[in-house]
Amino acid sequence: MADPSILNRKLKMGMVGGGRDAFIGDVHRKAARLDGKIEFVAGALSSTPEKARLSGQDLWLDPDRIYGTYQEMIEKEAKLPVGERIDFVSIVTPNHVHFPVAKAFLEAGFHVVCDKPMTFNLDEALQLKKVVEKSGKIFALTHNYTGYPMAKQARYMVTNGLLGKINKVVVEYPQEWLLTRREVEGMKQAEWRTDPKRSGAAGCMGDIGSHCENLVHYITDLEIEELCADLTTFVSGRQLDDDGNVLLRFKGGAKGVLHASQICTGDENNLNIRVWGTKGGLQWRQEHPNYLYVYHPDTPVQIYRRGHDYLCDAAQRATRIPWGHPEAFIEAFANIYMNATDTLRAVEAGKTPTALELDFPTVDDGVRGMAFVETVVLSNQSQEKWTKMVI
Amino acid sequence: MADPSILNRKLKMGMVGGGRDAFIGDVHRKAARLDGKIEFVAGALSSTPEKARLSGQDLWLDPDRIYGTYQEMIEKEAKLPVGERIDFVSIVTPNHVHFPVAKAFLEAGFHVVCDKPMTFNLDEALQLKKVVEKSGKIFALTHNYTGYPMAKQARYMVTNGLLGKINKVVVEYPQEWLLTRREVEGMKQAEWRTDPKRSGAAGCMGDIGSHCENLVHYITDLEIEELCADLTTFVSGRQLDDDGNVLLRFKGGAKGVLHASQICTGDENNLNIRVWGTKGGLQWRQEHPNYLYVYHPDTPVQIYRRGHDYLCDAAQRATRIPWGHPEAFIEAFANIYMNATDTLRAVEAGKTPTALELDFPTVDDGVRGMAFVETVVLSNQSQEKWTKMVI
Amino acid sequence: MADPSILNRKLKMGMVGGGRDAFIGDVHRKAARLDGKIEFVAGALSSTPEKARLSGQDLWLDPDRIYGTYQEMIEKEAKLPVGERIDFVSIVTPNHVHFPVAKAFLEAGFHVVCDKPMTFNLDEALQLKKVVEKSGKIFALTHNYTGYPMAKQARYMVTNGLLGKINKVVVEYPQEWLLTRREVEGMKQAEWRTDPKRSGAAGCMGDIGSHCENLVHYITDLEIEELCADLTTFVSGRQLDDDGNVLLRFKGGAKGVLHASQICTGDENNLNIRVWGTKGGLQWRQEHPNYLYVYHPDTPVQIYRRGHDYLCDAAQRATRIPWGHPEAFIEAFANIYMNATDTLRAVEAGKTPTALELDFPTVDDGVRGMAFVETVVLSNQSQEKWTKMVI
Amino acid sequence: MADPSILNRKLKMGMVGGGRDAFIGDVHRKAARLDGKIEFVAGALSSTPEKARLSGQDLWLDPDRIYGTYQEMIEKEAKLPVGERIDFVSIVTPNHVHFPVAKAFLEAGFHVVCDKPMTFNLDEALQLKKVVEKSGKIFALTHNYTGYPMAKQARYMVTNGLLGKINKVVVEYPQEWLLTRREVEGMKQAEWRTDPKRSGAAGCMGDIGSHCENLVHYITDLEIEELCADLTTFVSGRQLDDDGNVLLRFKGGAKGVLHASQICTGDENNLNIRVWGTKGGLQWRQEHPNYLYVYHPDTPVQIYRRGHDYLCDAAQRATRIPWGHPEAFIEAFANIYMNATDTLRAVEAGKTPTALELDFPTVDDGVRGMAFVETVVLSNQSQEKWTKMVI
C-alpha cells in the first residue's frame, strides 16, 4: 500500500469552510501554497450550497470539485483515484462543525488538518482522539504559533535544560478587536465567535486563551495541574467572555499567569510568552517573531535571530529565507502544513517520519486545549480557589 | 508662627538609616540634593553607634551632628534654633524601624519623609495615620515611581477620562536579584528584606508588590475590592515569598493582574503597567521612563515623550532638562522630595500648597499599601477564591 | 485581441535562472504563488542544460517544459496556444544576463518580471527601455522593498505634502554577509555578486545601494542632482566595492546621505530610511516592516501600523491579513507580482490599469538605478567633490 | 604645597555664565551637586552685572560671592584662603567667551571646567592648550556624552580589540529644535548659537557635530585624516549651518559617515554611534543610554546593560545605582565632574591620578574638536573632494 510516488508530486488539498467573508481559510490556502508542494483542488467552502458555489468560483476551483456540502465532497472525492483525489482536507469552519467534519473525513480515509480550538467541547475532543487513533490518519491542529522558528528555538532551549528548572511562566494574548460589539455590526468572524452555540463554552478563552495554553506547553512541556480563572464579559450584551485572567500551577511546582483579552484597546495580536528558570529566562513576542530574547545571570542579554546557523535544527528547518529578510505569520502557518504534510508523505510512502517532521500539533494538543478551556470555565464559576485540570 | 523665610533658604535634612552597606539612603541623599534646595546636615545612619559614626564621617557630616541613635538626634536637633536644626528627617531603615522612628520625629514636631513599605504591618500603619494627622506635619512616603513625569501624564489621562471607563489593568514587577540566596552571602539588602522580623509578613510582595499597587492607584484611582493571591518561595531556605501572582477585582467592575517576582532571571527592575479603557489604552515601563505609549481605536499609536509642551502640568513640572536628554530614576525620586518639600515650605510659610505641590504619596498611600500586603498574605493562605481588601 | 478570460484564470509563469544553489529565484516563486493566481509552469533554470534539467525536476516541473536554454524556452513556449503558454517570464539570473534575456522575451511578445539591478550597465538599461516601449509589454523590476505596505504609506504621506517640503533624507543598507571572502568559499551568491564580469561596475552599490536609491525615489519622488561617493573594498582580494558612503544633493535643494555595506558586522538586512520635512518626519525599517514612525512638531510620535483603515489605499491593497498578524518579506515581494500581473491582466483584457495596479517598479526605475550606480562609480574615481547624475 | 585635606572636604565651585534664561549652567550645577562632594558657592552668572546679581539671588548664593564680572570674581576669590575660596570654576557662557575666561582663571591659579565647543576658533584652542600646560591646572571639557557608562564600555571593547580592526563608523546627531527660527522668537539659546559672532564659524557642526567627532574619537581612538562636508542652512534667514553631512576617512583606512542636524523633525537628541570591525560591531544610542548592543558573527546579538559586574572598570565606576534603575543625562554629566575633580583632588593632594580618574575630556579634545569644526567649514567651501584635517 506504500506509495513512494507521493514523495515527488504535489499533494491535493480540499477545504471545508473558508468561503466568502471567512478569514482563516484564506490564510490556510496561502500557507499551504507557499512552498509549491500542495495544490488546492476541491472545496465545500460554505454552509449554504449557493455560497459554497460562489466561493469556489471566486477561487477558480474546477466546477466539478466545488461541493455544496462536505458529505458530497467526501463521497465524490473518495471515488477519484489516488493522485487525483484530495490527499487531505483542511477544516476551517466555526468550531461547532470541526468534530463532525473531521470525524467523517477521517473515517472515509482522508488525512485532516483542522483549525483550533479542536472541537466544541472536551467530550467531542476525547471522541475525536479515538477516531484519529482508529483511522491511522494524520490529524494536524493549526496552533500556528508553534510554527514560528523562534518558538521552536525556545522549546529547544527550555526542554534541553538551558534555562535550568522552570519556575515561572507568563503568557499573554491581548487583542482589541472585540472592544465594540462587532457581532451585531455584520462581521461574520465576530458573530460566530461570540455565539455559544457555535463557539463553545468560552469566547476569548476558547479562541486565544487556548493558543496561550498551547504555546506554554509547546515551549516548556509543563502540564497545568490546577488553575484559578476570572473571566469577564466587558461588552454589554455579549454572550461569552471577552477577557480572562488565570493563575496557573504546573505539575512539579512551577507557577504561571495567563491572561487574554479581546477588549485591550491598542493591542493587535500581542501574544507573548516569558519563561524564567533557575539558569535563564526567555521572552518571545509573536508580533516580532524573528527575535528571541534569552537571559542568563551575569551575562549580557542575548537576542537570537532567525536564520542563523547557531539555531536548533527545528528552527533552521522552519526558515525559508535568509536572516534579515523577515518572515512572519504566513510562514509560521506554512510550517504547520510543511511538517504535517511531510509526515503524511512519509506515512503514505511507508517511511517513518522524523522527529523534525512530527513537529506539529496533534489531536493530543486538541484534547489538552479543550480540557484547559473547560477547566477555565469551571474555575470561573467556582468559589474554590483552585480547580484541577479536568483531564 | 508662619515663617516666610523658609521660601528662600535651603531646607536642612536629617537621616535615620542609610549608613555603610545600605542602598536606598544614598539614593535619597542624591535625590534630595539634586535641585540645590536641600542640604543633608545630620544623621543617625546606622543601628549601631560606632557604625553610625563612621558612616557620618564617610559623608563629611559635621561631627556634632553625627548621632548614635535617632532618639539622640531628636533630642539634640530639637534644641537647635529653627533654620539651623533639621527641617525634616528621611527614614531609610529596614521596614520594622519605620514606625517608631516616624512616630517619634512627628511627635517631636519634625516633618518626615519615609521609605516604603510604610510600616511593619497594617496595625502600625493605622496608628501612624493618627500620629500624622495629630501632628499636622508633612509625611511623605517614597513610592518613587509616581515621581516619573510620564507616570503623571498617565494619571492625568486616565483620571480625566481620556481612555474612557477603565476595564483592565496589568501591572508587573519582575526582578532577578534574589534568584540565588544572597541573604546568606553577606548582602545586607537581601538579609533584612528576606527576614520576616525586619521586613514584615511578605517579602517580594511587601517590597515591590506594594509598588505595583501604589502605581495602579496613582494612575487610575481604582480601588481594589478583592483579590486572589498565589505566593511562592522558590529559593529553598528563604523565609518569605520571592514571587507572587495576584488576580485583582476593582470597585466598579474593572479587573486586573498583578505579578511581581525576585527570581525572574534576566529582569532587572522591570516595573511596568498597562491600562485599558473603553476609549483607549496606555503602557508605561519604568526602565524606559521617558516614553508613554497611548492607544486609541482606529488611530496610530502615540508615543508621548517627556519634556514637551503637550504634556500635563504635573508632568512638565516634574521635568528638569529638555526632551531627548534622558531623565531617570534619581530625578523621579527627586520629584517626591521636590513636591513634599515645596508643600512643607508652603505650610511653614503659612501658604496653602497647590495641587501640583501636593502630588506626592502620603500616609494614606501607606495605609492602603499595608492593607494590600496583608490582604495578599491572607488570600495566599486561604482556600477561598476571593479575599476582600482588609480596609 | 483583448482577452477578458485572462481575468478569470491563473497566469502561467516561466522562469530564467533560479535553479539549484540560487537564492532569489525561490523567493520569486513563493511570492508569485502566494495569492493562488499565478502558476509556475516552465523554466530555463540554469546556465547549463543539465543543471537546468535537474533544477526543473527538483521543482516538479512538467518535463516538457524544462528547457536547457532561454532561447529554447522562447521558441517552444511561443508555439503553445495562449492560456497554455507562459503569460510572462521572471528573470532571476546574475545581472549580466538580464538584458539579453529580457530583450529576447519582450521581442517575442512575452511580458517580463526582472530582478534588479536591471542590467549590466546604463547603456543596456537605455536600450532596454526602448525595447520595452516598442514591445508594448509589461516590464516589472523587482525592487521589492517598495512592495511593503508601510513604504507605500510613507510614499503617500510624503508625496501628498503631509511632511511639508522635504529637507533631508538618510537611507542606509548595512549588511554583514560579505565580511569574509565567501566568494572563494563556494558560495554561488557571493561569487557572481563580487565578479565585475557578472555583477557590473559596482558590487555593494549595485546590489543594495541601488535599493536605497530606489526606495528614496519611491517614497519622496526626489531626484538626485549630484552626488559625492566614497567606495571601499574592505575585504582583501575582492574585486568590487563592499562598502560605500554617498552624499546626495537632490533637485530642489534637499540633501541626503546614503550608505550601504556588506561588511557591517551584526547587520542582517538593515535597510532603513528617514525623511525629514518642514512639517514632519518619518522613519521606516525593513526588518520591522509593519510599523511606520511619523513625527510632527509638538505632538506625540505616531506609529502607523499595517492593516488599519486609516492607511492609504495603496497600503491597504498591499495587505493580506489583519493587523497584528505580521506580514513580511515574501508578502512585499508578492505585492510587486500582484500589481504587475494585475496590470498585465488589465492590458491583455483591454482595460486601463488603475493607478493602484500600476504601482510597481518599471524600466524607468531600472534606468534611473543604473544611472545612479554609474554616477557613484564615476564619483568615486573623481577628485571633484560633486558628480552630476549621468542621466 | 600638597594639601591632603582636600581629599576629605567638599570642593567649592564657582561659575561663569549660567544665569537666568541659560540652559546648560543648571545642568552643570546639578551634575556637580549630585554626589555631595562639590558645593556651588560663587558666580558671575551673566554678562550684565544686574542680571548676574538677580541670578545669584535666585540660586541663594551668599551675596558676597555674587559677582558682576568674572574679573571681579577672580580678584576677590583669589584673596580668600584655600578651603574657603573656590577650588575651580565652571565656564558655561556662549562659546566666544570661553577662551578669555578660561585663560584668566587658569593664569590666576584656578582649575577649570569648560563647556564645549572649547573656544571660538582653532587659534584660540591652540593658545589655550599652551595656557593649560603652563598653568599645571586641571582643564576639563564637558563633552558629557563620554561620561555615560556604556560609552565607556564601548571604548573599552573597541580599544582592546574585541571588535577586531575597525572598518567603519557611522555617527549621527539629529535634532529638531531649530526647525523654526527660534532665534528671532526670543529664545536665548537659539540666539547665540545661531550668531556667528558668539558661536563661531559653524552652527550645527560646532554645537553637536563636535560631539559626534568627540564620541567617535573617545570610543575608537581613530583620527580623522581627511573629510568631505556638505553644510546647509535650511531655515531661511539663519546665519549659520543648521545641518551637515560629512564623509570621513580615518588614518589607517577606516571610513565613516557623520551627520548632524537641527532641523530633523521629530528627533529630540538622537546622538548615536555604530562601529563595525572585522570581529564585531556595536551600537549605542544616547537616548537609551543604559544599553550597548554588541554584535559578533555567528552568535546572538548581545545587549550589555549598565550596572553589571561583567562591565569594564570605567563603566562600573561611572555607575551610581543598581541595574534596572535607569541612569541618564545628569549622571553622565556628573561623571565628567567626578573624574575631573577626583583628578583635581589627587593633584592637589600630591598624588598621581589613576587612569580611571583621568578619564575625562581635556584641552586636547578641545583642540581636536576645533580643528574638526574648522576643517568641516573649509571642506564645505571647497570644490575639492577631500580636505585634510587642519591639525
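Note that the chains are named A, B, C and D in the order they appear, and that numbering of residues resets to 1 at the start of each chain.
In the analysis below, a residue touches a chain if its C-beta (ideal position, glycine included) is under 8 Å from a C-beta of that chain, and two chains touch if they have at least 3 such contacts.
Everything quoted here is computed from the prediction, not taken from an experiment.
**Q** Counting one step per pair of touching chains, how far is chain C from chain A at the shortest?
**A** Steps on the shortest route: 1.
**Q** Comparing the two chain pairs, does B-C have more C-beta contacts than B-D, or is it the other way round?
**A** If we tally the contacting C-beta pairs, B-D comes out ahead.
**Q** Compute the centre of every chain as the mean of its C-alpha atoms, then state which one is farthest from the centre of chain A.
**A** Of all chains, D has its centre farthest from that of chain A.
**Q** Averaging over Cα atoms per chain, report the distance between chain C and chain D in Å.
**A** Those two chain centres are 44 Å apart.
**Q** Report the inter-centroid distance (CA atoms only) between chain B and chain C in whole Å.
**A** 56
**Q** Averaging over Cα atoms per chain, report the distance between chain B and chain D in Å.
**A** 35
**Q** Hey, what residues on chain B touch two or more of the other chains?
**A** 267, 294, 301, 305
**Q** Give every residue of chain C touching chain B within the complex, in rising order.
**A** So the residues of chain C in touch with chain B come to 294, 298-305, 308-310.
**Q** Name, in rising order, each residue of chain B that touches chain D in their complex.
**A** Residues 8-10, 23, 26-27, 29-30, 33-37, 40, 59-60, 175, 177, 267-270, 286-290, 305, 307, 320-331.
**Q** Can you list the residues on chain A that touch chain B in the complex?
**A** 163, 167-168, 170, 172, 174, 176, 179-180, 228, 230, 232, 234, 243, 245, 247, 249, 255-257, 259, 261, 263-267, 274, 276-281, 283, 293-297, 301, 382-386
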